[in-house]
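These are the structures in question, set out in turn.
Below are two complexes that have subunit A in common, paired first with subunit B and then with subunit C.
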Partner chain A sequence: MLEHAGPQIFNGLVLGAFYAIVAIGLSLIMNLTGTINMAHGSFMTLAGYLAFAMIARGTNFWFAFLAAPIIAVLIAVIVERTLIRPLYGRDPVYSLLLTFGLSLIAEEVFHVIWGANTLPFAPPASLSGTLALGFMNFPVYRLFIVAVLVLAFAALAFFLYYTRFGLRLRAAVQDTEMIAALGTNTQLLYTINFGLGILLAGIAGVLAVGLLGLNPTTGNTLLMPAFVTVIIGGMGSLYGSIIGGILIGLATSLMTLYVPAASEVIIYVLMAIVLTIRPRGLFGEEGLFG
Partner chain B sequence: MSRGRIFVLAAIALLALEPVMAPYIRVDVTIVSAALLFTIAAMSANLLLGYTGLPPFGNAAFFGLGAYGCALSIKYLNVHFITATLFGMVAALLGALIVAPFLVRRRGIYFGLLSIAFGQVFYFIAYRFTDVTGGEDGMAVPRPYLVVSAFTFKETTFYYLSLAVFIISIVIFKLIVQSPFGRTLVAIRQNELRVRYLGLDSNRFVFVAILISALFAGLSGALSAMLNGFIAPLSLDWHQSGDFVLATILGGSGTVWGPLIGSLIYEIGRDIISTITPYWQIFLGALFVACVLGFPRGILGTILARVGAAPLSNEPEEANWTQSPAIVADHRG
Partner chain C sequence: MSGPTFNRRTFVKGAGYGAAALALGVPAFIPRLGEAADAIKIGVLEPYTGTYAYPGENETIGIQMAIDAWNKRGGVLGRQIEIVKEDEQSKPDVAAQKASKLVNQDKCVALIGTVSSASSLSVQAKSHEMNVLFFASGGHTDDVTGSKCTWNTFRTCHSTWMEAHATAYTLAKQFGKRFYFITPDYAYGHALQTAFDDVIKQIGGTTAGTDLTPLGTTDFSSVLTKVTPAKPDVLVVLVQGDDYTNCMKQADSFGLLKKFPVGGPQVELEPLYGLAPEARTGYWGIEWSYSSDVCLGKGNNAAHQFVKDYFAHYLNTQKKPPTARQCFGYVSMDRMLAGMAAAKSTDSVKVARAIEGEKFQSIFADGGYYRKEDHQLMWPMWVAKLRPNGTPSDPNDLFDVVAKHDAASIEQSVAEKAKICKMAYPA
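Right, the complex of A and B next:
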């Protein structure tokens, strides 16, 4: 049984990177505006379906891979401006319920347009096949996923820590009123931040399609582990989300190998352990993303 | 007699007459039974949401524990249905005793996240323990022998049972929220720091509120399982918790009778819409959106505000949700 552990650890890392990128998107939105975005999974699924629809009509994979998340972001920006914005500053339960309602609508709409069955989605020839790593063979598509996610993390870290806009974003998380008084358009900041979160979700959504298949609930199955990732890693910590995601990704895939019945529950057990030892999460601190 | 009391008596009279009116107004007694039991679960959400100011998105777990506790005790111990209901409530209470120590430490969105996550644990346990729970397919729940064992199950009899349990529950709920304990919960929602400065351990109050909430949800779950004759893991899913919160907010969170209005609209609306179109979920989603944007105080909350009997506002004194809940936690030490 031990010989399966190597590939399974790799799978766990891939899964963990997924959880992390979804969690970071959630965390960005949650920290700045106090919105728990229940529709996050729906935007992932949306990007997946958009990519699928484009490729089915003969569009190049790479074009669809880039365009689908961007279209999802445009839709997200419209949703944020019209529906979510009125709820800023109100009790968080309202935005949670609103986005929950949106996810219910979205799920049914996907259902009507694309049906309930899992749709086939094959990665292009250049990304299929396996790569010999010496000690084991590993699917190229998974390596591609890891590469894209690592790139996305690096780009996000650069954006947050080395650009003026990232600086403003981090400042706004600490004191929105002060940064508004200093002349930053915080409404615009909220919108861009929301779009950024959905961009990460969209990228993850398109990638997930080749890994998990595509059906109306694909994104929502990643949502709950992403919540747990945020709680374990600590709210508002970029690196916490990455470590938390990898931790529960590994735990899930190793459990799937050894104790399949506990593969879902293990992440909640981990969460309970982390909360007992460190209630604010592994890397949670007051200066969010700071 | 106050105007409010007249409305309450009229509502109870209407509910008592429902089995007689059912053929004329075309609202089945089973639907209203379900709505009454749903109300008890919504009340359990209301205690945390409307009074204590905590977003409870894991109450379906307590609801489901009540349902499975009831179902399994009938299946394996063959107990009377009242004993089975008590088994369900104890199961919900035990579940709450496990998760409450984690939940009490957090407020605001963090509480919401934790309640969703811990609620899902019970969903997955019910989903995975196929030997005991029947897994995804769910399990049949034997319907109770009510008064005499010769008559197994009658919709109308069960309806009056639900109504009686509902009335007892709402009386208890009202006594709780009007007691010094209930007022302290409201004070915690409005300004927890001040409550702590007055020397009260607010975490202990929240802890007890979660346990009471679980007992109500467990009661609702146990009776709902017997009403439907069936229980499946989806009843423990956070979607179900969201529906409880929706019914509460739709009716008016922080009001005693709001959840009843919300639950009646939810159950009867679902019944009517499902017969017209298969896309009930789109309507439900739109109801969420419309309720949040158009009726944030809920139906009863809006009415009470009109007549000057302002209900409890759901916003805390100093709402600053952009701040990290971790900071709030720091203040509390």
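Right, the complex of A and C next:
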């Protein structure tokens, strides 16, 4: 059994990076505005369908890969401005219900436009095939996913920690009133932050459909593990989400190897353990959401 | 502006509500318009969301086509037929609850549908409790017409036993006797595995490995990386629906489809259309084909007319040809109504008696009958080699049918079934 562990750890890391990027998007939005975005998965699916539609019309993969998340962000900004904004400052249950409703509507809309059937979405030839890693042959597409995600993490970290805007964003999380009093347009901050979260979701969405099939529920299947990642990693921590994601990715992969039947439940067990011994999550900041 | 009051407890509670809502789905509280009082109402339970949404929709089309045909002929017992649809989401608890809603609230006289075996079993139990006729159109697990068989339930699609036996011999002959299984971890998968184990024992084969994957698995990488070191003669894929699409797509990306022959007891057009051509490969059990005379029956007008009608009415909306699911829906509904017409009643017991053992011709080759002893539809099954790009004239025509098996040669005998299935009609 042990000889399988190497490949599984590798698989787990890829899966974990995936959960992490979705979780970071969720966490960004949750952190600043207290919105539990249940429609996050729908934006992932939306980006996937947009990319599919573009490629089906002859657009090249790379253009679709960049354009689809951006269009998803534009739609997200409209949704944020018109529907979610009036609910800021209210009990989070309001925005949770709203976004949950949106996700149901979105699923039905996808269904009507593209049908219930899974659509074939194959990555371009340059990304298919496998690469010999010595201990296993690993799909090139998965390595591509890892590369994109690492790049996205780095860009996000740079943005949050080394730009003025990132500084304002982090300040707003700590004390919105103060930063508003100092002359920052917080409404704009909220919108850009929401867009940023959806941009990450959109990128993850397009990557996901190259890996999984594309159907109205594709994004939602990845949403639950992402929520668990946020809880385990701790709200408000970029690194927490990364570690949380990798942790549950590894746990799922290794469980599949040794106790397949428990591979689904293991992430919830991990969550329960973390909540018991460290309720704010592994890297959650005390007081922020504690 | 002050920040929202929000803490971890609220979040966990909120996320909990969200999870519960995700699990339960949308309640069926949308009121329906009143229907004509004298119509016979049939309750349709299909998954319209989730992994099996596409086959669920297709079964419904088959059901509707049968009803349209009967209504055009004047209905049954002089009454028109109407359906009331419910989304059972492939969740057994939801399916049972909606079954009871269809009978008690909507006053449906019979039930039809289901794709997932777990839902078939749960509706079977519920309808039995209510003494209502149920046609399990699309759940394959043996138990429906085996250990859990009931007088009120008729099953149209093939049993897992039939599927495994129809294909295992072909695979062993083509590729060898060392199998690696990827098996869905619920009633259907377990039943298939049992049937395959039976064949393996008969032919002296071996199992190189078995992986149980939960229904709705998205990432198969951890399973797939175990296949190469196990060195099987053939990779047998038992998962279905979107899980099948994901599994095959990822098996292709890991290079397995070029390394190992692949096949399985059942493949359907729905998930194949979600795959790129390079992942459409292998030998698979199939339950119907719109294009093959071996499946439709040479000169069988009913079958060819059915295909023609489908193309005339549904091609615009569905964009794809009919699949085995339309066939299941059509045959189930057609036989249920034929039973009512023969019994001159909608009384469940009388209708069930009228259907049992009655031979009929339908939209597949050779005709068939629902066996009296277990209520399994006895009809042929086929094995096809996949054509990755269809034929030059029809890119959707993916099945190259290579073998046909008669029901009697692949299903357990009446004597064997008598030991498992004990059916008792109400006194």
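What we mean here is this: the second predicted complex is superposed on the first by the 282 of 290 C-alpha atoms of A that agree within 3 Å, B and C clash if a C-alpha of one lies under 4 Å from a C-alpha of the other, contacts with A are read in each partner's own complex, and residues count from 1 in each chain.
Everything below uses one rule, namely that a residue touches a chain if its C-beta (ideal position, glycine included) is under 8 Å from a C-beta of that chain, and two chains touch if they have at least 3 such contacts.
On a predicted model such as this, the values are computed, not experimentally measured, just so you know.
Student: Evaluate whether subunit B and subunit C can sit on subunit A together after superposition, giving fit or clash.
Tutor: The answer is clash.
Student: A:P279 contacts which: subunit B (first), subunit C (second), both, neither?
Tutor: In the superposed model, A:P279 contacts both subunit B and subunit C.
Student: More residues of subunit A in touch with subunit C or with subunit B?
Tutor: Counted on subunit A, the partner with more touching residues turns out to be C.
Student: Regarding the shared-chain residue A:G34, is it in contact with subunit B (first), subunit C (second), both, or neither?
Tutor: In the superposition, A:G34 touches subunit B and subunit C alike.
Student: Please indicate which partner A:G213 is in contact with in the superposed arrangement: first for subunit B, second for subunit C, both, or neither.
Tutor: In the superposition, A:G213 touches subunit C alone.
Student: Classify the contacts of A:A20 with the two partner chains as first (subunit B alone), second (subunit C alone), both, or neither.
Tutor: The answer is neither, since A:A20 touches no partner chain.
Student: With both complexes superposed on chain A, which partner does A:L102 reach: first (subunit B), second (subunit C), both or neither?
Tutor: In the superposition, A:L102 touches subunit B alone.
Student: State whether A:I231 touches subunit B only (first), subunit C only (second), both chains, or neither.
Tutor: A:I231 contacts both subunit B and subunit C.
Student: After the superposition on A, what does A:T176 contact: first (subunit B), second (subunit C), both or neither?
Tutor: In the superposition, A:T176 contacts both subunit B and subunit C.
Student: I'd like to know which partner A:I243 touches here: subunit B for first, subunit C for second, both or neither.
Tutor: A:I243 sits against neither subunit B nor subunit C.
Student: Going by the contact rule set out at the top, does A:R90 touch subunit B (first), subunit C (second), both, or neither?
Tutor: The answer is both, since A:R90 touches subunit B and subunit C.
Student: Check subunit A for residues that touch subunit B in one structure and subunit C in the other, and list them.
Tutor: 30, 33-34, 36, 89-93, 96, 100, 104, 107, 176, 224, 227, 231, 235, 261, 264, 275, 279-280, 284
Student: So in the complex, which bits of subunit C are touching subunit A?
Tutor: Per the touch definition, subunit C meets subunit A at residues 1-8, 10-12, 14-15, 17-19, 21-22, 26, 48-50, 53-54, 56-57, 185, 211-214, 216, 218-219, 221-223, 225-226, 228-229, 242, 245-246, 249-250, 253-255, 270-271, 273-276, 278, 318-320.
Student: What residues on subunit A touch subunit C, complex-wise?
Tutor: 3-4, 7-8, 11-12, 14-15, 30, 33-34, 36, 38, 88-93, 96, 100, 104, 107, 111, 115-120, 122, 128-130, 136-139, 141-142, 175-177, 180, 186, 211-217, 220-222, 224, 227, 231, 235, 252-254, 256-257, 260-261, 263-264, 275, 279-280, 284, 289-290
Student: Can you check the complex and tell me which residues of subunit B touch subunit A?
Tutor: Residue list for subunit B touching subunit A: 49, 53, 55, 57, 102, 105-106, 108-110, 112-114, 116-118, 120-121, 124-125, 127-128, 238-239, 242, 245-246, 249, 279, 281-282, 284-289, 291-293, 296, 314-316, 319, 321-322, 324-327, 329-330.
Student: Can you list the subunit A residues touching subunit B in their complex?
Tutor: Those in contact with subunit B are residues 30-34, 36, 83, 86-87, 89-98, 100-109, 112, 173, 176, 224, 227-228, 230-231, 235-236, 261-262, 264-265, 268, 271-272, 275-276, 279-280, 284-286, 288.
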